[in-house]
Amino acid sequence: MSKKAFTFISRTAPYGSNRPKMSLDAALATAVFEQEVNYLFMDDGVYQLLANQNGEPIQAKTLGNALETLDLYGIDEVCVDYESLQKRNLEAGDLTIPVTLLDATQMRALINQSDFVINL
Amino acid sequence: MSKKAFTFISRTAPYGSNRPKMSLDAALATAVFEQEVNYLFMDDGVYQLLANQNGEPIQAKTLGNALETLDLYGIDEVCVDYESLQKRNLEAGDLTIPVTLLDATQMRALINQSDFVINL
Amino acid sequence: MSSLHTISRSSQHELLQACLKIINPGDEILFIEDGVYYCCDKKSLSLISRDNYVYGLREDLVARGLRDKQDALVEVVGYHKFVELTVQHSKTVSWF
Amino acid sequence: MSSLHTISRSSQHELLQACLKIINPGDEILFIEDGVYYCCDKKSLSLISRDNYVYGLREDLVARGLRDKQDALVEVVGYHKFVELTVQHSKTVSWF
Amino acid sequence: MTAYQFARNLLDQGHDIYRVFFYGDGVFTLNALAVSPQDEINLPQAWHQLIESHEIESIACVSSAISRGIINPREAERHEKDSVSLFESSDIAGLGQLVDAALQSDRLINFG
Amino acid sequence: MTAYQFARNLLDQGHDIYRVFFYGDGVFTLNALAVSPQDEINLPQAWHQLIESHEIESIACVSSAISRGIINPREAERHEKDSVSLFESSDIAGLGQLVDAALQSDRLINFG
């Protein structure tokens, strides 16, 4: 079976809902199948990447730490919508892992070359 | 027991979620207890009042019809945030029941005089 | 490699803005569920390029009292066409 | 008859705007859950009148990596104070 | 989670809970069949223990509960189901119990 | 509801469904204990019938299902629960089944 390109788009904040965790789990499962996996954070999704998270006081797993495993699963294309970051007064240095900042043209190209685009 | 003033605020569109129905059911239950009930529609909640709804094609109960029962339960203060209506290019004539249009000052007074304010 | 984009929540959720950031020429948009409120929202619809054709799902428009109120830009379709659209495009991107 | 307003979702959901439409002088605002992102959002905070004191829940700030990043306008409190605030005000209005 | 932490702190501070009323998707919080991953809190279990240890009255709204399959033996029999899913520390009743609680209590606090 | 109508129309038009995968809160759609008001559609029941009559493979994601108390006899035994809640027309399996379905099918359609 040939390798397909999956792009996961995550647009929601961590902890407030289960969606970021669902998206991450699905992406990791896809990586296990040795497919090409891209991860794109947009809108409130960029909050998932903030450094110094600590889920302990609300008895939740720290999502920021979980995202650090993307690398271990061979998902190296972790992309962020630059505009979403700017709008929240954040910059790459505020984030817990290295990311690729994309503008609209680059995001369009990423979506266009993907076989599957999964918003979770 | 003295009569208390309950104000229900409904801010979400019908059908897409269960929240409008939850709000309506809670308001009707409150009216059954012979309390003062005010109903305030804000933001997407004003869509609940649109005339000519018909839930049949999506196998749902028609919420617009259900709102017509507010009157039967003695809930006559059905209020709408005028700004939310305007923002959606709607006017009172587009709605299925008669409503009282409120500006911010009037909404503040309504909330201030309420013993309970319930957002559902 | 064109895409069908389904949008299923009202403008309060800003899904159209997110979708428009990544949409490609030739992609099409289908408004479903609470997304059909966009079908009567000239201002939001004006943000969509003419390169992207726009549909609204009839069942959801009827339920919400919007049938015959949709903008002229929007083609009203049923589930039959919804299925066909997912076949015509190589992938479907669902915004919810 | 003052109120405590709790806001529990991020600015993407525009709960603060709705709350500010109906807030009265002397009412207070407590940001909880995803609402705590507002605590670092100068622009949104500037919409709040000085007649309305603003709190952020510590546990939710810490979880999200926002501890010590909140604006000077925001007083950080724990659950103990959260309970006290609901007692001090005659009613609590929850925005979610 | 917030509601649970709030309830615990409220009790620690010497206040009383007249009733907890679970409405809408909130009734899933009373699902006795839920199992959490080992490193995460089991919120239904935590609520169940809090309710039992403090003898709190806990009600799941009947229409919310049965439409979501959160049922006790009584509702299971009525609707001819073989299983039950509601913790036995909670009961099923109508929305009147919410209105009554608002009227009987000093404060009504709502969590989304 | 939209996903159900879509699936029905797709089958009517002569297409095949390789697999339906329920994830997150979607697993509640497979809750056999849910009872709807008489004048409303029982969506879990409708899905169950569609799945049975067309012999569709239907999977509930294991982590989503057990954390939400949607369990079959196998999971009930494993986690020492007395009740089951999953329709017997569906099975419980891992996320790999979603990835496999994407790779084996001509189209993957996602509903929120």
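Order of writing sets the labels: A, B, C, D, E and F. Residues in every chain begin at 1.
Note that in this section contacts are C-beta pairs under 8 Å (C-beta built on N, C-alpha and C of every residue); 3 or more make two chains touch, one makes a residue touch a chain.
A quick note: this is a predicted structure, and the numbers were derived from the prediction, not measured.
J.: Which chains does subunit C share as contact partners with subunit F?
T.: Joint contacts, listed by label: A, B.
J.: Moving only to chains each one touches, count the minimum steps from subunit A until you reach subunit D.
T.: Minimum step count, subunit A to subunit D: 1.
J.: Specify the chain pair with the maximum number of C-beta contact pairs.
T.: After tallying contacts for each pair, the winner is E-F.
J.: Sort the other chains by how far their Cα centres are from that of subunit E and give me the top one.
T.: If we average the C-alpha coordinates per chain, C ends up farthest from subunit E.
J.: Over half shared numbers or under half: where do the identical copies subunit E and subunit F land at their interface, same or different?
T.: same
J.: Need the most distant chain from subunit A, centre defined as the mean of C-alpha atoms.
T.: The chain farthest from subunit A, judged by C-alpha centres, is B.
J.: Approximately how many whole Å separate the CA-defined centres of subunit B and subunit E?
T.: Computed value for the inter-centroid distance: 27 Å.
J.: Approximately how many whole Å separate the CA-defined centres of subunit A and subunit B?
T.: Once rounded, the distance between the two centres reads 39 Å.
J.: Nearest whole angstrom, what separates the Cα centre of subunit B from the Cα centre of subunit F?
T.: Using C-alpha averages as centres, the distance is 35 Å.
J.: Would you pick out the residues of subunit B that each touch at least 2 other chains?
T.: 43, 58, 60, 116, 119 - these are the residues of subunit B that touch more than one other chain.
J.: Which residue numbers or ranges of subunit D touch two or more of the other chains?
T.: If we look for residues of subunit D contacting two or more partner chains, we find 8-9, 12, 14, 33, 59-60, 91, 94-96.
J.: Enumerate the residues of subunit F that touch no fewer than two other chains.
T.: Counting only residues that touch two or more other chains, subunit F contributes 2, 5, 63, 108, 110, 112.
J.: Residue numbers of subunit A touching subunit C in their complex, please.
T.: 9, 11, 42-43, 81, 83, 104, 107-108, 110-117, 119
J.: Can you name the residues of subunit B that touch subunit C in the complex?
T.: 13-16, 43-44, 47, 50-58, 60, 62, 64, 88-89, 96
J.: In their shared complex, at which residues does subunit E touch subunit F?
T.: Those in contact with subunit F are residues 28, 31-37, 44, 63, 66-71, 75-76, 79, 81-85.
J.: Where on subunit C does subunit A make contact in their complex?
T.: 1, 3, 14, 18, 21-24, 90-91, 93-96
J.: Which residues of subunit E touch subunit D in the complex?
T.: Residue list for subunit E touching subunit D: 2, 5-6, 8-10, 13, 15, 107-112.
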